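Next, two complexes with chain A in common: one pairs it with chain B, the other with chain C.
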Partner chain A sequence: MDEMKDAVLEYVIDEYVDEDDDMDVGFDTALISSGIVDSFSMVSLKVFLEKKYNITLSDGEATPEAFDTVTSIVELVNKHLG
Partner chain B sequence: MAYSDKTRQAFVDDIGEIKKKGIFKEKRFICSPQGAAISVEYPEGSPRQEVLNFCANNYLGLSSHADVIKAAHEGLDSRGYGMSSVRFICGTQDIHRELQDKMSGFLGMEDTLLFPSCMDANAGVFEAILEPEDVIIADRLIHASLVDGIRLCSAQYDTFKHMNMKHLEKKLELHQDKRHRLIVTDGVFSMDGDLCPLDELCELAEKYDAMVLVDESHASGFIGRTGRGTHEHFDVMDKVDIITTTFGKALGGASGGCVSGRKELVELCRQKARPYLFSNSMAPPIVAGSIKVIEVLSKTTERRDKLEVNTQRFREGMTSAGLNIRPGVTPIVPVMLYNAKLANDMARDMYDEGIYVIGFFFPVVAAGAARIRVQLSAAHEIEHIDKCVAAFAKVGEKYGIIGMDKKAIIDKYGM
Partner chain C sequence: MSNIGSYEERLKDFDWGIAKEVLGWEDGELLNIGHICSDRVCARGQADKVALIWEGFGGKKRTYTFDDLRVYSNGFAKFLVDRGLKPGDRICIFMDKIPSLYFSFLGVLKMGGIAQPLFSAFGDESLEVRLESAGTAAILTTRKHVKKVRKILDKLPELKHVIVVEGDESKLKGEEMFFDVEAAPRVEEFESYVADPETPSVLHYTSGTTGQPKGAQHVHNSIWGQVLTTSWVLDLREDDIYWCTADPGWVTGTSYGIIGPWSLGVTQCVLDSGFTCARWYEFIQDNRITVWYSAPTAIRSLMRDGVEPVKAHDLSSLRHLASVGEPLNAEAVIWSEEVYGLPFLDTFWQTETGAMMISNYPDMPIKPGSMGKPFPGIEAAVLDLKTHEPIQEPGTVGLIAFRPGWPAMFREYRNKPDIYRSKFAGAPEDATPDELRTNTDLWYVSGDRASIDADGYYWFVGRDDDVINTGGHLVGPFEIESALVEHEAIAEAAAIGKPDEVNMEVVKAFVSLKPGFEPSGDLELSIMNFIRKKLSPLAMPQEIEYMEKLPKTRSGKILRRYLRALEWGEDVGDLSTLEDD
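Moving on to the complex of A and B:
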């Protein structure tokens, strides 16, 4: 669980935060509602999760609410992994 | 009656939500032709007020240009008011062909296809040329109409950090297994006024075998030495594969847009782009006016040169006055305020000073990046620009933000 959280957080920072940005992003930082990730760029994150964990996320599951924090993302992935 | 009280109340609640979020768009009425000085009724029902307009896309001041109006009149007399048809049935006149040819020449492209708007061009171009085995790789801050077009298309898509060429290269490497790659960007980004580094982007496109599409709506007519656009500015006129642009901004300001580019891609749009196939042709007077615009701009760079001088004067004036503007060279100048309420309040006070500008905030721009966006025009005279700078200095003084940097403004007002 923690390992997955670390991997997702690392991806989010690498993919969405600029090198010169002093933004502090943690497991419970709001990603979508704060504008760090928007509905257009969310696709990269969805593809990353699907490839890394070998799952398929439907559009109904990959919602802004489900993707709003690293914690909620990991919960969603874990549901698929059983 | 199908529109029951319950149904009505649901929509009233939706509107209430928009108001509660502070993003409700109020009605503003212009009671004069578009120009540097306009007559405005705002709020609705108020007496008209004469103000200087610093928020139009009228970059070259051609919206009410005498020669353009005359040409539109002549088009109306010789070719009529409307076509009552889509292009491919009986909606294409000789002047549509003439405008397409003139645009191809002006932009340095192989072929051009007119659309009712650039929004329509962007909605139609992707689905016309790409398939599910292709990928679109887009800058994250591209215009909303490109985002919509990409979503309507069956191709896969991915995004890269705004103007970050390292990140783009990473994405190009990642998608080498796709059939076609198409990089999508704005030439000039409408909210920040920054220029996409097309020279670097085109180099990456060549290295990784990708096509390039650039939306030039905020560039056509005035960016580059002769106003051809961002591809001229960066000396890559032969390396951009598709340009989408509008006649609704610098190029006359009426309406209409186009896809211009490699002839096979334009032909596919002609055959398959739904907004082209299922929406009416550009109206003859607008086509005639747009032809005149291209003729005027092909003869002289006088207007884009004046715009450049005006932009420089405004940028220097604002910096000297101690306002926090985003650096750049384009006539889109964001005055950074970071706090949404501050941006709104200052815009309202600017209106009282006779300057018409608008505050922008999340979700139109990133959270904590609220600003007043100023747009310069060749229609502005030096005294207009100086009056605008003086008004910003006065209003900025009132709010105590003169000489303040980002941190100081955020410390005072929050984000």
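Moving on to the complex of A and C:
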């Protein structure tokens, strides 16, 4: 679980946060509602999760609410991994 | 009773002069959109009225009066003049929906500059082509976005001023300037530039099938179209609390997110945070919003979240809803009537038209799924696809077209007279933009297809070209393809729109790879993120299909229409020019 959280957080920071931003992004930082990740960019995050964890997320699951924090993303992925 | 009253009655003896009556305009008044939206409202006794209720992420909330609008736009105008900027200079506004975006937009217009707002999610390449095309002299941005400007500054010799309006001043680099208008001394007086009706005002970039985006130039005279459509279609009244969800980087966000409501002295709300269903409903509830102008993509996202979030909020303040950006499907209209007790009224217009052209109106019966009828004063038709003659037969599909001459019509594509001319059916080869826009024997062809039913209602069919409409934003395939082949793995590429339940279309890319590269999940993600950062999240392919070789004509041109037809399950048409294997 923690390993997955770290991996997702690392991806989010690498892809969506600029190096010289002072932003402190953690497991519970709002991603969608804060505007760090916009609704179109959510798709690349979804593809990352599907490839890395070999799962398929339906459009009904990949909602802005479910993707709003690293914690909620990991909960969603874990549901698929059983 | 709505502002428009009877649509049919309004068609009789229509005159655009009615817009002046709506505004209480007197001969000899100063024509300048920046002035009209701030100083003029104050002078009419509404200085202390709330103009802007702004909310950002994390509970940030600020409220500004029309007097604040006046003073802060004065502040920007004076700052720009003091830097040596002059009337006619293109001044880009590149920031999120923060209050300074709105103040600076009015400030640029007040000093006679041409406001060039750009969507803040654009990557550095999208930004560069638009600044280069416009010959932009100054850019107003924030610390968050100035990094993209730094990457391209060396390639833009005409860009002399980079002004950061928010953030930490100590982080500025080189010759960048810092200007926080709210912290600066208040500028109580500024003499606004006296604009001619044809003085350029706003420059919005829009995408086409071929080539880079084109700058559609608007003028101060556009205000008459924006005022009257705001009054008659959005039905805004003095006591309304209005929310236009569009970003001013796109034309809806300026025509109806700034000019329309503020020229009429209406209070408006801005939410500068990411989309979640609960946050939007909370925003409506907390601010007692009465009129809401949004987009089908957002409406369909709200539909997907169902009725429970609606029940959890008090949305009883809403009295009128409208939609723009892409066709609003009948299901969404019916759903909104069921859950909000109000239907969303669809409106149709474009960057080029500057104001609404075909709409549904309060008090006019709605046919769910229809675009409605032409605005009074707008002569519209659907033209035969080949002859470009108006189609008389109800239900026959043709090209949506308008007789030139409405007030908010774009005056040119910046530095592209041939492309401007190509938008007019039957245009003489040597006609200038001024001759074209005033020749009422011509038709301005919109690039969209529709049919008209026996009752005069228009029904949208689709684009007449390869431009991708995603979430209400037009994205040019050429721009995406040019960026795709800059990826180290891609040899050739084609981009099309593929159907999407929420966004109408999303970008799909077809690529062939260079030797040494193999299709993989990692590569797909790398390509997606490459385009997202270089162009924008809107342009990011949401699906990538690998092909050994892309279909081409015998002359070597990639057959985008063939790929699109396959994707949409349509007839692929004449393939006689297809290259042999």
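We adopt the following convention: the second predicted complex is superposed on the first by the 82 of 82 C-alpha atoms of A that agree within 3 Å, B and C clash if a C-alpha of one lies under 4 Å from a C-alpha of the other, contacts with A are read in each partner's own complex, and residues count from 1 in each chain.
Rule of thumb we're sticking to: contacts are C-beta pairs under 8 Å (C-beta built on N, C-alpha and C of every residue); 3 or more make two chains touch, one makes a residue touch a chain.
The model shown is predicted, which means the values in this text are computed figures rather than measured ones.
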Chain A as common anchor, with chain B and chain C clashing or fitting: clash
Partner chain in contact with A:T63 - chain B first, chain C second, else both or neither: second
Contacts of A:G35 with chain B and chain C, given as first, second, both or neither: both
Partner, of chain C and chain B, that touches more residues belonging to chain A: C
Partner chain in contact with A:S44 - chain B first, chain C second, else both or neither: both
Which superposed partner A:Y53 touches (first chain B, second chain C, both, neither): neither
Touching partner for A:F27 - first (chain B), second (chain C), both, neither: neither
Touching partner for A:D18 - first (chain B), second (chain C), both, neither: both
Chain B and chain C contact sites that coincide on chain A, given as residue numbers: 18, 34-35, 38, 40-41, 43-44, 47
Chain C-touching residues of chain A, taken from the complex the two chains share: 15, 18, 20-21, 30-41, 43-44, 47-48, 50-51, 59-60, 63-65, 68
Sites on chain B touched by chain A in the complex: 138, 140, 147, 157-159, 161, 164, 362-363, 366-368
Sites on chain C touched by chain A in the complex: 57-58, 96, 121, 144, 147, 272-279, 301, 304-305, 470-471, 501-502, 506, 521-522, 524-525, 528-529, 532, 537-538, 540, 542
Of all residues in chain A, those that touch chain B in their complex: 16, 18, 34-35, 38, 40-41, 43-44, 47
